[in-house]
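I've put the structures underneath this note.
Next come two complexes, and both contain chain A; in the first it sits with chain B, in the second with chain C.
This part shows the complex of A and B:
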């Protein structure tokens, strides 16, 4: 028997945000950045981070302004009720789609590095099952798990970065700042994709125990991720150089594979890295699944939205199997994100914000009807 | 919630409290009691006549063996029958004053009470008190005469320490509460007694320190205890299983201890102790996994040693959970992960082994569990012998026969030792059960399977709560409650443990004002 008070602390929410963001981007970010802007990846990460902080600020501001209200209720009272149904449904599709692709990438990596002869279906199925188990336990469990895993993931990762740094050559980062503004603009979607996940604050905002402080803690979380990505990018480029990075499928794992401890019990850290990797990506998949179940629960106004966790399993499974090859799956993902992300990240929040300001203005003018 | 209701809700309390008011005549009362206690041959009825002219009839009724006969002889019967005759009645109508006379002047017993129904009196009698019936008087006097033989206080066998007090709880309720009271001479220490069990009427006491305890937790404890509707409570284990949060979990959500010092320290931390009659195990709530990994000795030893031991314990718990599964995963899926030399040794070792690694691990783990169980059941000296015979002979023979790799034997042995390094037996046994799950996961999906199993266990642990306190606290809320980490993997010096844990009452968080710092001239960094 649980008490179901269903509240997470600010630090737990921050941990959820950090882990969700890290899982979506960490694996391929250095490669796609190197392909797009060469050695200036760090610059792009900072610019993209700044943009995302701006967006996150809007998101947190919305959450803060409507304490105790779910996102659907917020939309309903700002943009009318029919719109809220449509938007919530679209959001659910967005999160399910994003999650499915994440699961696909995860399974490909696990298959490639750990289970060469295991069918990918088994891997997909098992990870989704585990995520569904977590989603059924609710937000409190997720919050606690996130705060528990945050140091367990980050401390070893930072140590690994440091160790990898030893073999690097910092001059690989030169020449610096050679990209034109146009190139940067074109590459922005890549980097913003790597930050995806911060938008879950919109849906999880209702569960935060101190909503008036949510802006500060969520911004902190994003700044943290920006720093982490910057370190990752600098270390990767300085180890492999720009050209080689573009040829690696999973530059982060390749980076860690360069670390060796001859004579120690673990001669290569691959197994260790893969263990970390499972944790990292799981902590992206599970929150996204929980977000989707929460949205569906709001949409159908059920008493307990945990019942949606398992029925989503086959759906995720089939979407995750779309695309015969990894490249094809990536192409689908890009298309999907390009169509949906602006809508989720920018258009809806901004229109809520505008509506909020208009309503506030009207109220100030004495029109209590709105 | 559903299960809780299914177990405890729904049924209304039955109306079984019939009350018979005692009759004026002692004969009728005796008959009623004899009728209630038909075929109970351990009840002693002693009818006496008192007064200078033997004009009053009285009767003592008690359960043979549960009442203190010496007390009855010397201070009840002697006073009633012999001493009272030496004093002249003071003229008044003694008949009407008899009760007052007896109570205030005759019976030299510390505890006397009166009840107004026969059923109540019988209830008292069955717990060891003595009924004193008087003629012409429609109340029943109860003489506190509990005095049955019990085990003396001895060193607890489950939680031995090298340094620390040697006394342990016994099966006697009052002895146990006394042992706790001796350590907390504070009027704020409350002992709330109740009886649980429709037939057994077992005494249960909820103990807490009034101003430190978290009122929400206390309320929840009382609520859950009141909900218990069972015929008998034979041990605190019954209570534990009936009030725990999640009965499906392999992890105990209530701590039990045989040590009064552990109980006292828990009470000082704002926790609640549940003392159950006939059980030397006192229950402590709320319990966290952190509390179960602590031993009372940690606080008596110096902090650096205690910290090292704590770290070792967490390490032991981890390897007792995952070491065999890592062996299975690495040998059957990822031999490239270990150094080449080691991989070669392993390959040579396993050359003759006819089973896959998972079968090998299961055989050895089952054997060691068999040995453990057999060792517990057998009397002391034989138990040790079984350990040696089993451990040395079977291990050696299995390796020589070539059905198990030597490394597997080493791993199983290390794992078994590690699991005994966990201070709480019930946590260790949970880990031991889960170890088999890990082995299966490793056998099916290798290292990925092990990670999935770890996630499964972590998710489950994160979802657990013990009386509204997260089971994994303070590991899951350390950013807000960073001070609490000082008593987890490490134990910070006592002078730095200024605050109680987060689940104590907020107003009483501070527990120590350190004068040492001023005395030794250490600057405070606040």
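This part shows the complex of A and C:
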């Protein structure tokens, strides 16, 4: 047993990735897809998934090529030191921002369905406090928890999906493949953003105990999420049809409201679904917080980065409360992601990759010259 | 020594902190909640006898809703507790306001999480604006499940809820149970709110079960046809069964056929329907194929015909075919000519399977539907004939 707090196994890393990707996006995805491309949502999920697998491949390749180095060190040795400071700071802001919006949407849903009279500030504060507690424990605890929770969440969810499938009409997916390539291109950001969170592999890559196998395990995690989203979308559209889906703010929750349990020993399964979902979102918030603290730790070159977890809380809290309404929070989130995500997902990793190849070639030429 | 004091301090600290961490804004005693089982929504015209104070206050406003809530309440008597059915109405400018106004007159809080059925008065459905308000009130509420039964009352919803059914004193439960008896007969469309909302979202049309109030009895039979969020007409019980058959939503019902002067009931156990678009030029033509399987339940003591004779069964089958064909064709004609509303499902079929054609006809579908030529083909099979020959 490896008890030092620096390493996670491949399967633990995979579980962290899956749980981080599946967050609040899962609630709105069927609606935004139905709005954008009608009944062809599943097609878009697959295309978007393929693109994300490509990006993830680049990310994992970078991590694999520099075993034992943190992301900041990787940037420093590829794109010079000053750049690494700027980029790391930006990354920290990105992850803090992303996390704050996640927390906001989580609290709004909890307030809507579970805690009607509890002030939203209290909901935010308690979930953030929990996440900070986990983030302070470090990556190993997180990995174990993820490994433990994944089957606990997954098995009931799949059973619920099956039950929801019973009431559906699969012909609602027709007409199939009628969207034009232009519509697909326009809708792609929606899908790619729903997979956001796989980029944490860049920062957590240093902790994986077998870095040369990281590509395989992270791809597996993403493929798994792609399948999950596809099933979810098919079940939702076949239950509600295209038009009804566009009229629901959180179709996924409404979907579970239509489930009729055989034998009626439980009347409403929403309570149960919400409990599972709280776990899922908590396991998105905690890794993102840990990522932010790790980045800050690298930035200020402190040995133990767990002291950053608590000071981040007020910041998260205030960013989370930025939007006046749910609609505004969603609008801010979209804007924020539109400006930062391409930078984090594509531009930095690709420039690292280019620099890696250039340096490799230079080295080879240098060798032949000598 | 120092370590021990530290431990003690930590312990005290932990105990103290738990005191501060337990707070419950959403604490609610179960006794203080009124679990609404049924809701009735009516339109009241000014001058209607009702809650006078509230009426005066809102007389000048446009929409007058009267919402009746039915819930069981435990009456503490001597000895055993007794459940009574309480019903209470309130008038307001929308559904939610009636709920708010009621809380000033009640000792407990209304809780809609266990709502079983909603009945709506005819008047509400005559006014598209009111009907849409009601539907949205039901769809938006995070506690109301989409599985509740929904029906339209011929007359007033309040009257329907005032009936105390002899079989089950809890009115809400009783209404929900009426819908659940789907194995018995299907004289009304079995629909929960979810299906009705989906249909209204996609086509603005719907078939909603009709509820009829009789003395000390409630009956669900027939259906209300909704077009453009407005009630356009009622469909009788037999027509409703046929409509459900064409929509592919029923598999169990009965028809009777006459053999000489004997009336033979035929119980259908399986039904399948298929639409085909035969002609798609200027004049659309649809073929509706219906395959039935079923049993002969009853015939005649010591009959002259042999029930096991294939020729006789052939005869019966063709009679069944003819009868079902006539009824289905009549129902579709009724919908085309009288109600001019496509609740048959042709629109969904064309949209799903002929999406190019649908793009062309989508806008004028309301005008095209009544002109569609419909061919009905019924194929009934008698599978079993009971125990006697």
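Here is the rule we use: the second predicted complex is superposed on the first by the 356 of 370 C-alpha atoms of A that agree within 3 Å, B and C clash if a C-alpha of one lies under 4 Å from a C-alpha of the other, contacts with A are read in each partner's own complex, and residues count from 1 in each chain.
As a convention for this text, contacts are C-beta pairs under 8 Å (C-beta built on N, C-alpha and C of every residue); 3 or more make two chains touch, one makes a residue touch a chain.
Because the structure is a prediction, the values reported are computed rather than measured.
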Considering only touches as defined above, state whether A:278 meets chain B (first), chain C (second), both or neither.
first
Looking at the overlay, does A:144 come into contact with chain B only (first), chain C only (second), both, or neither?
first
By residue count, is chain A touched more by chain B or by chain C?
B
Which partner does A:11 contact after superposing on A: first (chain B), second (chain C), both, neither?
first
Counting only touches as set out at the top, which of chain B and chain C does A:110 meet: first, second, both, neither?
first
Does chain B (first) or chain C (second) touch A:358, or do both, or does neither?
neither
Mind working out whether A:118 is in touch with chain B, chain C, both or neither, as first, second, both or neither?
both
Output check: A:133 vs chain B and chain C. Expected answer is one of first, second, both, neither. What do you get?
first
Residues of chain A that sit at the chain B interface in one complex and at the chain C interface in the other, please.
114-115, 118, 122, 267-268, 270
Could you list, by residue number, the parts of chain C that touch chain A in their complex?
23, 25-26, 113-114, 139, 142, 145-147, 194, 197-198, 201-202, 351-353, 355
Can you check the complex and tell me which residues of chain A touch chain C?
112-119, 122, 171-172, 174-175, 178, 240-244, 247, 254, 257-258, 260, 267-268, 270
Show which residues of chain B lie in contact with chain A when the two form their complex.
1, 3-4, 245-246, 330, 333-334, 336-340, 342, 445-448, 450-452, 455-456, 458-459, 462-463, 465, 468, 470, 472, 475-480
For the complex, which residues does chain A have touching chain B?
1-3, 9-12, 14-15, 110, 114-115, 118, 122-123, 126-127, 130, 133-134, 137-138, 140-145, 147-149, 263-268, 270-271, 274-275, 278-279, 282
